[in-house]
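The following block contains the structure, expressed as structure tokens.
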Amino acid sequence: MTRTYVLIRAKAGTMWNVRSDIEKIEGIVDVHVITGPYDLVALVNLPSTDNLKRLLEIIHDVEGVVSTETWIAM
Amino acid sequence: MTRTYVLIRAKAGTMWNVRSDIEKIEGIVDVHVITGPYDLVALVNLPSTDNLKRLLEIIHDVEGVVSTETWIAM
Amino acid sequence: MTRTYVLIRAKAGTMWNVRSDIEKIEGIVDVHVITGPYDLVALVNLPSTDNLKRLLEIIHDVEGVVSTETWIAM
Amino acid sequence: MTRTYVLIRAKAGTMWNVRSDIEKIEGIVDVHVITGPYDLVALVNLPSTDNLKRLLEIIHDVEGVVSTETWIAM
Amino acid sequence: MTRTYVLIRAKAGTMWNVRSDIEKIEGIVDVHVITGPYDLVALVNLPSTDNLKRLLEIIHDVEGVVSTETWIAM
Amino acid sequence: MTRTYVLIRAKAGTMWNVRSDIEKIEGIVDVHVITGPYDLVALVNLPSTDNLKRLLEIIHDVEGVVSTETWIAM
Amino acid sequence: MTRTYVLIRAKAGTMWNVRSDIEKIEGIVDVHVITGPYDLVALVNLPSTDNLKRLLEIIHDVEGVVSTETWIAM
Amino acid sequence: MTRTYVLIRAKAGTMWNVRSDIEKIEGIVDVHVITGPYDLVALVNLPSTDNLKRLLEIIHDVEGVVSTETWIAM
Amino acid sequence: MTRTYVLIRAKAGTMWNVRSDIEKIEGIVDVHVITGPYDLVALVNLPSTDNLKRLLEIIHDVEGVVSTETWIAM
Amino acid sequence: MTRTYVLIRAKAGTMWNVRSDIEKIEGIVDVHVITGPYDLVALVNLPSTDNLKRLLEIIHDVEGVVSTETWIAM
């Protein structure tokens, strides 16, 4: 089980809507609107890094998502 | 009572109009156009961080506001 | 209950030792060595932002910790 | 009366001590340890920008203060 | 008398036109197209920081001006 | 099999020595001194991200290595 | 034979399509979607830096590619 | 005779066309597409910095040129 | 006559002393401690860029000066 | 023949001494102290990128050289 953090930048004013949409996605453990250089952080538990591709594609399809950055626990 | 600073970037030439609009918002203690890397700083006193969501949504609706950053006093 | 993320930069080569020390601290839900611009991320659940002061002081005392950044869920 | 914000970076682990020392300085309206790219923000009200020189010299003498940035309300 | 520096970024190819327009503005002591991270620097002498608001609004109305940064002598 | 890139910054003048030491480490597929913002890039093939911890500790022990950044293929 | 790394930034959501297109280009040894500040890294082996011009033009024609950075092994 | 370096950023995919256009401009000693943070570097020899104004205006008119930075030898 | 701006970073707490020393240097038209990303700005009028070398060497010898950046009017 | 640019950062106050030392090195076509984000630029013509290794080692041995960045013409 690999813990992954997806840091999300969203269009101004859409942050809490993005949060509502992302917390319904399978594999998402938790998602918060946060202070600091990113707008949201999503916590992901995946059986392997292979499943990350599909999850990121779903996140990019959420309305308001501008870009993502992925951090993998080592 | 949590003190929060909202740093605001505004469209070129709209800074003092943004200031006029933001100082009318409930919960705003003070707001200034400032020198430095941001265009305005708004001082906020809120009973808890829960109220921040609504306040930020109102600020994002002000014409001329491009983006915000939130700093929370610890 | 406020979720807080503490992003940590550590001295080169000390990352997993810092992790071992931090995961024993009370209030820490989870801590990972991560890829990306920071070295570790610690997840914190606190009754209020008041408790953050003491927690950050304990983290700063961990050997190898160079600096921290705090993100608060809104 | 000119409102000035002094943004302060402090040595790791000294932030709340720096806060205690700075809030005693004359002319300081308020000072907070904050999340975000700086460690503390001090609010200053001064009759003119001339008095800023002396205030900044006093702040630089506080133990733990590494550097300051000054924003002046316009 | 407060000396202020207004650093200006201009649209590619408009720098010398912006210079011609800005040097006619009242309160501008000098203005140059410069090498380095900004495109122009304007030197301003003002009786107080209050007059800065109107001057910046005039500069923002000059065709080709994209953004400004203000530095105040202390 | 997960492909990982370890980007390395080295002390001025030690880059080719660091290269010689790192190319002997087990798990390293290739390592180059490169133009650009980093000094060296090491290509790693590992059965899982678990083995990364030990490999990074060995790289940090190489004389001249100042810091590393890890990118994992997704 | 000169080893070159081409770092690629792609439009949000196109990363794996860009990968499929680039791995068919002649001269590309390997290409991965990666965590970190870039979206993809392509490994190139070329007889000389002269051939780089044509290869970069082909990469820029791939749909979704926004910008590239080139690092040459020394 | 003052040696000046003009660093040029160009639209993706236009770098070698920009090079062809710029090497025909009078006063340009040499121009290369380069690896690193800029896209092209042009070497200029001018009798004085006065002639720089006209040369930069010509460069900004070249199709594909997005922005320039000027470094003057001291 | 070429107008040159020398932007100066100084050791914390030495800014006004640096100012006193620099305003005595021949060729310096004006020097201010400023808000913003630098600590001081010095205005220089020189017959040609050749004289800049000696002036910068004198400025670097002033106690408290950490680094300088030079902008030349075009 | 590959044209290479070596951008050099030098210790404060050593820039013209570094220039004198570097212009004597074989393979250096030209070297200037420059305005802008680097301190010096050295122009190099080399039969191949293989010779770059030795040249960079010689440059790093020059007193006052802090770090270098290498740009290769494509």
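First chain written, first letter: the chains are A, B, C, D, E, F, G, H, I and J, and each begins at residue 1.
Everything below uses one rule, namely that contacts are C-beta pairs under 8 Å (C-beta built on N, C-alpha and C of every residue); 3 or more make two chains touch, one makes a residue touch a chain.
Predicted, not measured: the structure shown is a model, and the values here were computed from it.
Student: Tell me which of E-J, B-D or I-J has the interface of F-J again, with more than half the contact pairs shared?
Tutor: When the contact pairs of F-J are compared with those in E-J, B-D or I-J, I-J matches.
Student: From the C-alpha centres, identify the chain that is farthest from subunit E.
Tutor: Result for the farthest chain: F.
Student: Centre to centre, by mean C-alpha position, how many angstrom separate subunit E and subunit G?
Tutor: Here subunit E and subunit G have centroids separated by 42 Å.
Student: Could you tell me the distance, in whole angstrom, between the mean C-alpha positions of subunit C and subunit F?
Tutor: Centre-to-centre distance between subunit C and subunit F: 26 Å.
Student: Compute the distance, rounded to whole Å, between the mean C-alpha positions of subunit B and subunit C.
Tutor: Those two chain centres are 28 Å apart.
Student: Approximately how many whole Å separate the CA-defined centres of subunit E and subunit I?
Tutor: About 20 Å, centre to centre.
Student: Please list all residues of subunit H that touch 2 or more other chains.
Tutor: Residues 33, 35-36, 53, 56, 69-74 of subunit H touch two or more partner chains.
Student: What chain-chain pairs meet the touch criterion?
Tutor: Touching chain pairs, listed by label, are A-B, A-C, A-D, A-F, A-G, B-C, B-D, B-E, B-I, C-D, C-F, C-G, D-E, D-I, E-H, E-I, E-J, F-G, F-H, F-J, G-H, G-J, H-I, H-J, I-J.
Student: Any idea which subunit B residues touch subunit I in the complex?
Tutor: It is residues 35-36 of subunit B that touch subunit I.
Student: Hey, which residues of subunit C end up touching subunit D in the complex?
Tutor: Residues in contact with subunit D: 53, 56-57, 60-61, 65-72.
Student: Which residues of subunit J touch subunit H once you look at their complex with the stated criterion?
Tutor: Of all residues in subunit J, those touching subunit H are 3, 5, 30, 32-36, 38, 41, 43, 69-74.
Student: For the complex, give me every residue of subunit F touching subunit A.
Tutor: Touching subunit A from subunit F are residues 2, 49, 52-53, 56, 70, 72-74.
Student: Please name which positions on subunit G make contact with subunit A in the complex.
Tutor: Going by the criterion above, the answer is residues 12-13, 15-16, 33, 35.
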